[in-house]
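The following pair of complexes shares a single chain, chain A, combined with chain B in the former and chain C in the latter.
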Partner chain A sequence: MTELTYTRHNPLIDPIFHVWEWQIPVYLFLGGLVGGLMIIAGIRLLVLRPNRREALVCCTLGPLIGLAALSLGMFSLFLDLGHKLHVWRLYTTFQVTSPMSWGSWILLLVYPALAANALAHLPEAIPALASRFPALVKISDFILARPRLVLFAGLTNTALGAALGIYTGILLSTLGGRPLWNSAVLGPLFLFSGLSTAAALLHGILVLTMPSGERPAFADFLLSALARMTQARPLDPAAAPILASADNSFLTVEVSLLGLFLLGHVTSTAVHHRAAGLLLTGPYAAPFWVLVVGLGIAMPLLLQTLELAHRIRHTLAPSLLVMFGGFALRVILVSAGQASRWFEALN
Partner chain B sequence: MYAPFYKYGMFGDEVSLIVAFVIGIGFGFFLERAGFGSARKLAAQFYFTDMAVLKVMFTAIITAMTGLYLLARVGFVDLSMVYLVPTFVVPQIVGGLLLGVGFVIGGYCPGTSCVSAASGRVDGMVYIAGMFAGLLVFGEISRPLEGFLYSTPLGQVTLPAFFHLPYGVLVLAVVLMALVAFAVAEWAEKKTTGTAPDAEGSLTAMPWRLTPVRRLAGAFAVAGVLAVVLGNPYRGNTVEVDTRDLALGAARAQPLAPAKLADWIIQGRNDFTLVDLRTPASYGTYHIPGAQNVPLASLTADVAPRNQTLVLCTDDGAEAAQAWFLLKAEGFRSVYLLAGGLNGWRDQVLYPKAGPETSANDVARLSQVAQYFGGTPQTGVASAAAPPMPVLAPPVAPPIAPAGGTAGPKKKKEGC
Partner chain C sequence: MSRFAMVIDTHRCVGCQDCVVACKTENNVPEGYTRDWIAEEVHGEFPTLHLELRSERCNHCSNPPCVACCPTGASHVHPLGGVVLVSHDLCIGCKACLAACPYDARFIHPDGYADKCTFCIHRVERGLDPACVSVCPAHCMHFGDLDDPRSEVSRLLASRNHHALLPEAGTNPNIFYLT
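This part shows the complex of A and B:
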C-alpha cells in the first residue's frame, strides 16, 4: 500500500498530462508564421522580374523578420527540451518516419533559403546597411544576375515554407495518444493559419508605414527616425490591398479547415467526439470560439472586407487580430489536446 | 422556447460567454458607428451642442422597454426570470455621481471607453487603465465599506411597484418622457449651435412631413398606448403546472454532488441559495455554512426570486424531493437536490473516504475541503503516505458531525 502511494508520486510511472507548456505553442505559432512568410516571399520573388530592383515588404522585410522569428521559435523549442545538451544528436541521423526528424532538418534548410530571399533585394530596402557592408550589394548582384538562382530560391522558399507550415500540424497529429490531435487536417490548418498570420504581419507593416494623419505624434517620430536611420525608401502601399485580400482567402480556408477538423472528430468515435466536445461545449469552448473564431477570424475578415470595399481605411486592427488569433489557436489546441484522452478513467 | 434563454437552461456558462461576445461586438460596433468612440462627441452632451448621447440612450431604453413588454405579454419572455439589480438608494446615488464625475473628466463612460480603445484612441486606453485601477482600489476597500454599500436597501424594485402604477401606464409614461426629451434636446442644440436641425433627422423641424424619425416616434407612442391597454406582462400569481413536464422532470431531478456544493461555497459563489428543509432544531445542531433554514412545512414560492438557483438539503434527501416538486410547480427553473442530503455531505465532504485508488492529489484536495468545513484532520494530507488509509472510515457520530463539525464552519463564516 505504502509502496503504491510512493510510486504514484513518481512522474515516470504516473503519466503527467500537461507536459507541454508555453514553449510549444510559441514555437508552433512562430514556425507557422515563418512558413507563411516564406511562401509569400517565394511567390513574390517568382512573380517579380529578376532584373527589377525594389524595396519590398514581402521579399526583404518578410524574410528578415522570418529569420528572427525562426530563431526565437527554435530557442523556445530548445527551452522545452528535457536534455538540452543532446540537441545536436538530432542532426546525426534522419528518420523518415519521425516528424521530429523531418522538422529538425527542415528548420536547418529554412535558414539559407530565407537568407537568400532576404539578401536578394536587401540593398534596395535598407540602403544604409548596404553602404556600410558592400558585400551585401555583391551578394545581391550575384543572385539577381542569375535568373535560375532566383527561380530556385523562389521555389525553395515556397516548398520549404509549405513543408514547415504543414509539419507544425503533423507534429501534433502523429501523437496518437491525444484524440483531439488525431486529424490530418491539422497540417493544412496550421499551414493556412500560418499563411494568414504572415499576410497579416506584412499588411500591418505596410499600414504602419503608410502616410496617415491620425497616427499619434510619437509613432510618427519613431517611424521617421527609423526611416532616416535606414535611409529606406517608402514601401509600396499598392501591396496592401493584395495582402489584405490574400489574408481574407487564407482566413476563409482556415475557417473551412477548422470546420472540417471539428466535423471529422464529431463524426468519428465516441472518444474523438468527446475530444471535440472540449472545443464545442466544454471548458475550451468560450476561449476557442471567442478568441480564435470570433476575434481571430470573423472580425478581421469583416474588417478587411470593409477595407477592400473602400468603406474604411486600412488599419492595424485586422493584422493584430489575425496574429493574436493564430497564436490563440495554437495555445488552445495544444492545451485542449493534452486535456483529451482515450480513457476518461485515467483522469 | 422561452426567454431568458440562459435561465431556462438552453445553454451553459461556456456558451453564455460566446453569446456575450457576440452581443458585445454588436453593441460596440453600433456605438462606434454612432460616433461614441470619440470623447468630443460624448462631451458635447454636457455643452448641449450635440445631444446624440441622450437620444441614443433614451431610444435604447424605450426600445428595450417596449420590446420586453410586448414579448412578455405575448408570453415569450418570462419577466419574473429576468435578473434585477437590487436597489440600495444612497450608495447607488453616490456611485452614480462618481460615475458622472469620471464621465465628465475622462469624456467616456465605461462602455464607450472600450469602443474608443478598440478603435485605437490612446485616451480611451488610458481611461480603461484608470477604470481597472479604480476597480482594484474598490475591491481592496469594499470590505470596510460594506456597511455603507448595503445601506438603504429597497430590494429588487421596479418602477411600477414603486409608484403603484399599472405596468402599461408606466411604459407609456417613459415613452412620452423620451419623446419630450428628444424635442427638448433638439431645441437645446438649436439654441447652442444656432443652426436649425437637419429636417430629415429631426422630430420638430418645421415643414411637417412624415419622416422616418417621426414614424419611429409614432410607433413608440403606439406601443406605449398598447401597453396601457394590454395590462400586466407578468405571469401573475397563477401557476400553470405542466404535469407531463413535471413527471418527466421528476425522474431526472437535478442532483448536486456534495463535493460540487463544497466547491461553490469555497469559491464564494453567491448566485445560489442553499435551503435547509429540516426542523430548526436539527438546523441548530449542524448546518452547512450559508444555509437558510426553511422547514418543509413553511416552504412557499416566496423563499427566493424565481430566477434564483436553489439547492435543497435534508437529512437523506427524501423530503427534498417533495420540496423540489413543489418549487418546480411554482415555476422555479433551477432547483438542485443535494445528493444524499446531509448524510452525503458528511460522508463525502466532512469525512471523505479515500480508497487506495485515490491519487495523492485527490486526497490532499479532499482533506483541504474537509478541513475548510471543519471536518476532522484525520483525513489530512499527512496520511497520504501512511498505511492506514483504508481505515479512514468516518467516525461514527450522532446525526452529523459533533463539535468538530459545528465549530469549524461557524468560525469560517465569521471570517468570510
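This part shows the complex of A and C:
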C-alpha cells in the first residue's frame, strides 16, 4: 500500500490536473479538419479537370470552409492563453524542439496555401462574388494559366495539410508529463481522424445539394436562399460516393490506429498501462467506447457501407456522426490525458 | 560549469512547512498558490508502515521537458548552475510546460504566465542559500554545486543512501532525498 498526500493546492493543478479546457479540443478538432480539407483539396487540385463540377466542393468550398475553421480554431487557441497580449512572441522565434512553435509557423503558411487553392476556382463556383470583385477573376486566370503554379498549390496544400493534421497529435504526444499522450501513434491518429471529418463534411455538403427529391427537405430553403445570393453553380452529387468511400477508408485506418494506440500503452510500463486503463475500464471508458468508437466510427462505417451498396439513400447522418466522433475523440483524449499522471496517488 | 542541486534529509524533515512560508514571503507568491510543498508518503502494511516527509518543488532537471516544449523560449536553463527559469515577458501562458512536467511543479500565475521555483536565483547570485534552505529549523535542506566534489551536497550524496523523484521519467532531476 502506498499513500501519497500533498499540501499543495495550486489552481488547475490539484487535485486533478486540468489546465486545458474546451478551447484546446476545439482547436485540435478544427486544426485536424482543416488539415484533412487541405489534403483532399490539394490532391483534387493535382488531378483536376477544370470542367468537372465535383471539383468545386473539394477545391473551392473545402478551402473556403478551411479558412473560416482555421480562424475559429486559432481564436479558440488564443482564448486559452494565459498571457494573451504576449501572443506575438510566438513569431519572434523558432524553437526547434517545440511542436507548438512548429505549429504556429505552419499555421502561418496554411492561410496563403488555402487561399490559393480556393481562389483558383472561386469565380466559376460563386459568380456573384466574381462579378462584384473582378480582381478575383484575374487571380483565378493567373493561377489556372500556369500549370506549374497549380501543381505547386496542390503539392503545398497536401504537404501542409499532412503537417497540420499530424502536428495536432504530436503536440500532445511530446508532453511527457501526461502518460496517456506518450505515443507516436497520436500524430497519425489525429491526421486520419481529421481526414475522415473533412471527407464527412464535404460528403454532407453534397448530400444537402442533391436533386430535390433525394435531399433532406430542410435543405431546400437553405439552398434556394444561398443560390439566389451567390448564383453558385450546383454541385455534382456524383462525387458523394467517392467521398463516402474515402471516408470509410479513413475511418478504417483511424480505428486501427486507435487499437495500436491502446495496445502500445497496455504493453508498455505500469504507468502507461494505468493511463490506458482510463479509457479501457476507467471513468472515460463509457464516453470513449460509446461516443468515439460506437457513434463516431462504427455507426457511420456501417451507414456509408450501406449507402455505397445502394441499400439506403445518402443521408446527413454519417457526416454528422463522424464529425461528432472526431470532436469527442479530442475532448476525451485531452481530458483523460490530463487525468493521467506518473505518480500513483494524489491527495 | 556548475550544477546546482538540493539535498533533503527525509530523516530530519518534520513537515513544518517553514520552507513553504519562506518561499511565499521571499518570492511574493500569490495567495492560493505555492512553489514548494510537503509530500507525505506512507507505504507498507499495518503495523509495519514507513513514513517519508519530503519538501518538494521544481526539480530543476538536467533534461527539462518544460524547456524543450516551450514555443517562445520563455522556459530556459540559466547558465548559472543549470537552474530552470521562466522569462515572464516571453511566456504566452500556453500551459504546454505545465503538461510536460511530470512533477506538476508549475502553475499559471494570476498575471497569466507560468511560474515555479527558481532556486531563489536572485539570492544564489549573491552567494546566499535559497530562502527555503536558509529557514529550515531542522537543518534538513542543503544546497550546493554537484559538480564540485567538495561541496556539502556532493559529500552527502556520496555518503548516504538517496533517491530522486521519478528517475524513470528520464528528466534527470537535481533534487535528492536522503533516506
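Keep in mind that, in the parts below, the second predicted complex is superposed on the first by the 315 of 347 C-alpha atoms of A that agree within 3 Å, B and C clash if a C-alpha of one lies under 4 Å from a C-alpha of the other, contacts with A are read in each partner's own complex, and residues count from 1 in each chain.
One rule holds in what follows: a contact is a pair of C-beta atoms (placed from the backbone, for glycine too) under 8 Å apart; a residue touches a chain by one contact, two chains touch by 3 or more.
Bear in mind the structure is a predicted one, so any value in this text is a computation, not a measurement.
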Of chain B and chain C, which one touches more residues of chain A? C
Of the partners chain B and chain C, which touch A:Met299 in the superposed model: first, second, both, neither? first
Between chain B (first) and chain C (second), which does A:His86 come into contact with in this model arrangement: first, second, both, or neither? second
After the superposition on A, what does A:Thr281 contact: first (chain B), second (chain C), both or neither? first
When the two structures are overlaid on chain A, which partner does A:Gly42 contact: first (chain B), second (chain C), both, or neither? neither
Give one of first, second, both or neither to describe whether A:Ala317 is in contact with chain B, with chain C, with both, or with none. first
Looking at the overlay, what does A:Ser101 touch: chain B (first), chain C (second), both, or neither? second
Quick one: is A:Arg341 in contact with chain B, with chain C, with both, or with neither? Answer first, second, both or neither. second
Regarding the shared-chain residue A:Trp289, is it in contact with chain B (first), chain C (second), both, or neither? first
Both chain B and chain C touch chain A at residues 1-2, 4-6, 8-9, 14
State the interface residues of chain C toward chain A in the complex, per the touch definition above. 17, 20, 32-34, 37-45, 56, 65, 68-74, 89-96, 98-104, 106-109, 111-114, 166, 168-171
So in the complex, which bits of chain B are touching chain A? 12-15, 17-18, 21-22, 25, 118, 120, 122, 356, 359-360, 384-387, 389-390
Residues of chain A touching chain B in the complex: 1-2, 4-6, 8-9, 14, 214, 216, 281-283, 285-286, 289-290, 294, 299, 315-317
Would you mind writing out the residues of chain A in touch with chain C in their complex? 1-14, 17, 19-20, 80-84, 86-87, 89-90, 92-93, 95, 97-101, 103-104, 171, 174-178, 269, 271, 338, 341-343
